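You will see subunit A twice below: alongside subunit B first, and alongside subunit C after that.
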Partner chain A sequence: MFSNLYRQCLVEKHFVYNLFPLCKWSQCFASSQPELATESTIQAFEEPEKRSIKLEQRFIYPEFLPDPKIEWRNSIRERLERQDMLKRRSQIEIPEFYVGTIMAVTSFTPHSTSKKNRFLGICIQRKGCGLRATFVLRNIIDNLGTEVAYHLYDPTIEKIEVIRLEKRLDDELFYLRDALPEYSTFPLDMEPVILPDNTPIPVNTTQVILKPRPWVGRWERTDFKGINREHMMTLISDKMKMQIAKHQKPWEKYDLMKQYRATIPEEEQKEIFAEVYSQLHQLELGKKKSKRIRTFVKPKKSA
Partner chain B sequence: MARVTPSKLLNFISPKIHLYSRVSKESCNLPIVTALGQSFQIRERRPAAPKPRFPLWFLKKERVQYNESLTVDNKNFIKEVSHDKFGPPAIISGLSTYDTPSPLKEQPLVKGEWTENTKRCGLITRKIGCYPMWDVKGRLIWSTLLQVVDNHVVSFIPSENINSERKNRKAKNPLGALLIGAESCDPQKYTKEYCGLFAGAGLPPKRFLSKFFITPNAKIQPGTPLYATHFQPGDVIDVAGVTIDRGFQGVMKRWGFKGMPKSHGVTKTHRRGGNIGGGGEKARVWPGTKMPGHMGNKRRILRGLTIWRINTKYNVLYVQGLAIPGETNSIITIFDTILPLRKKKQAPAYFPTFYPSDLDDPLPEDLYENSVHHFDAPTITFEEPK
Partner chain C sequence: MSFSNIFLRPFHTSKECYHIIKMSRLRVVDNSEIGRRAMAEGKPPKCIHVYNKKGVGTIGDKVLVAILGEKKKGILVGVKKHQPPRVPKFDTNNIVLIDDTGTPLGNRIHVPIPVMLRTILKEKTFAKGVDYTKILAIASRFV
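Right, the complex of A and B next:
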């Protein structure tokens, strides 16, 4: 009952123990994405049209790529998983979103009196592959930091709305738990911002100011771009400052094997997206059609 | 961990004790009083690993792949011969195998009648991963996917043969056995004797073999392919597999001990088990004491798992739970449960097994248990109270 359990309001500090394993996993997965294949190398081999179709998809539909851990891979399981994902996507519109996007999820729950629940918040994590894909939304409600973890393919989710489509500087935003509350407070009745078609996703370059310690993570040892480093340094002791250098791993960016193990090879990605492309494309077209119908609203007569 | 029955326990200690003992038949945790008036206690002892025995069909399987310096023509000829014999190579339900023509040479066996004491044969499967499903009430169900990998009946061993092979058996086994093979292979990989095992059934050699005890009425003709639809969604099964090999492990990982504090003056004993025995009359290490040692790589059976869903195209069973022993891509055998309350009370849909030729229309690709939500069904809603 992962989703239902987490759907209850969780006070921030309960997450302390969960945080580290989550960080580790998603960091290696998410940070590896931009390094998958440099644009220039692919351009040399591929026609520009095909390239744009297939390579963008790994960011829009990251959960279609299987877990790169070789011991857990099985091509038939992955195929069955993708089929089930497409079946669910035919029933519900799962929009394009990223960590940092402000979203609202409406889901049915037997426990609430109205049997329906809408939660709006900023996406602070997106992880998991295939049907196991989950995302975490965060908001501050009645001065209480609240996080809700949803399974992306949970059939009790009625609607996923993207309120403000944008990215942040980092692949996960757990530091918002230790940041000032205004960084994760969003009014529940926020109006959706509609981006024109084919515009690049805007990147929000906010650098958050952290609250004084204690924190849920050792943020000074990480290199999150979205934390105001200057201010953070005023909050930590001299001993902690000395230890920063000790915990850095500057060699990891040269570790080709680590990168290889954390990613799905380009050829395989193409194979996977070639398999699901036609169905995803159909769904997208249907989405656009229904959007066009929805946007036409008869003008009301003003008195 | 099985409890030792009192009678076994007495045999284990000494036959003499029997005369003087006051062991109640219900519990073996009571003290045993010896002839000398000393009392001691034997609590639990883990059963010893079964004596390694060769299986009934034991033959040398692998052969040395020395260089036979064959010409390309010769190699092609060998390939041609094996393809003539076992059919052309093909990919059937996602697995590469041979498209073997119906190998039934003899008259097909008459199908038996199901009774309550019937024991059917099981299947050899591969654990291919885990993923979530939801039930119609929106609750999360975790399932493990087991793929039935190219299973065929290799031979039937009648009960007489089993009993004559194992002379030391105390009770005569009234059950016969079916030998099931999984994953067809190139016959050149194996020895002549091993390939001969499959000659009677007209099959190419199989990578895995497994024996299932059955009642004679559940006999199946050798050469018959077995499918995932041997079971039905909602059936309860037992699964057996070899657990993940974790090597030599300490007590914290192997037995879940708490360990000792990291600081406050504790030195050199953070993950150690602590005391393993007392003094006085029991000044020894008791049998069954939890200590460091080899963990995993043991055959374990998990009983009473429900089948939530079956994929008939790839022969995949979606089985309840995440605790099925073994790594992903390891071999698991499954069979009808023996739990008395969850055992089948009515005849299964297909007996002795599923024959596709018996059906007029092919089965749909996905068969679901009634309580499971279909992924292509609309969103689960709960009605608002009035």
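Right, the complex of A and C next:
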């Protein structure tokens, strides 16, 4: 909400400041101005591409934003952490992933004879800021649900592969623990699916069917879109149905202070991503280059 | 919520920790005769003692269980409670039944077991004492 207000102010400011340069530009540009309030028009005014890239990065690199809790903020520590993260990223390729993406992590372990351990699963949670960023993978192996949490910047991780890049409808998928096993079963030798460049991330809209109770969470009181609600209602008692309304918090979406405390302001986000943008961009370019080299296959002579 | 409601509640509202303590129900994951029968009859073993100083069992700990009216010892090979990074967390609390010399009663484990168990069990094994490493030999898969 605050960011919206801020954007409104920004639009007005831009409108005033940019009237003059606007006039200097071509007529057709000026004629397409009526829908001023949209974000795209702001981008058109100042730093045409950079701005949109920077704001998009909060989804791709959420761990670069610090924890919004004010007591825990420390600008020097945050900056040092960001440098360390970039250093780590120059050592191993940490791909873009979201909750719902199927990933495989190879890590070093002193316990096994091969000294390596690979785990494949669906990402059910991604949280934490800075070097403490973690993600949790879940898979059902031999009919037993298995979950492994990893630190994203763990030095013992050798390789992070994205097997199928996609998003789900929710920010965390802990309800998969109570869903039927087919929703979190993935073969360990799954082939990676490569998306063509510049395609939007596909959103997987499956709605899972839950097992009968007992559950690990009160899913009927949540509003996860990835749960088949109709089926869930058949599994709960009448008393539980009555209590759903009692536990809802419809006022929370109007709580501006709560929202403010849970997010990093837009100005700060831009500042942070401006600081790391060039290095991240370099890393991405290098990644693309190495990928091209890897995909090149020497043609075989026929006959 | 009214004031009286708080005092009338017969249950606690904090999230469960899935600790393995005395009276916790466990799941036998090997193919020993008694273990299979207990799981098939719907009478999973009950933990009646955890052999460590804390009284809360975790991966690699020895437990004493009551199973079908008998007392047996078992090794925890996978737990439900929250685990540190890179340690697998399972959907059930799994045990493998052993006898007093550490030899497993079954000859096959049909679920994945954590890799770290290799090191843990080797550390707990002494030259002329109990040999726990026989469990590792009957495991089918490590994660």
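The rule is simple: the second predicted complex is superposed on the first by the 250 of 303 C-alpha atoms of A that agree within 3 Å, B and C clash if a C-alpha of one lies under 4 Å from a C-alpha of the other, contacts with A are read in each partner's own complex, and residues count from 1 in each chain.
Heads up, the rule we're going with is that a contact is a pair of C-beta atoms (placed from the backbone, for glycine too) under 8 Å apart; a residue touches a chain by one contact, two chains touch by 3 or more.
No experiment lies behind these values; they were computed from the predicted model shown.
Within the superposed three-chain model, A:Thr199 lies out of touch with both subunit B and subunit C [touch as defined at top]. Judged by the touch definition given at the top, the superposed model places A:Ser278 against neither subunit B nor subunit C.
When both complexes are overlaid on chain A, the residue A:Thr234 reaches neither subunit B nor subunit C. Looking at the superposed arrangement, the partner reaching more residues of subunit A, out of subunit B and subunit C, is B. In the superposed model, A:Thr109 makes contact with both subunit B and subunit C. In the superposed pair of complexes, A:Glu71 makes contact with subunit B only, with no contact to subunit C. In the superposition on chain A, contact of A:Leu144 is made with subunit C only, not with subunit B. Applying the stated contact rule after C-alpha superposition, one finds that A:Asp154 touches each of subunit B and subunit C. Shared interface residues of subunit A, touching subunit B in one complex and subunit C in the other, are 109-110, 151, 154, 156. Contacts from subunit B toward subunit A in the complex involve residues 94, 128-129, 131-132, 134, 137-140, 145, 147, 311, 314, 316, 327-329, 373-385.
Those residues of subunit C lying in contact with subunit A across their complex are 78, 83-92, 94, 110-112, 115-119, 140-143. Interface residues of subunit A, counted against subunit B in their complex, comprise 1-4, 71-81, 84-85, 87-88, 90-92, 108-110, 113-116, 130-132, 151, 153-158. Within the complex formed with subunit C, the subunit A residues making contact are 107, 109-112, 117, 119, 134, 141-151, 154, 156, 177.
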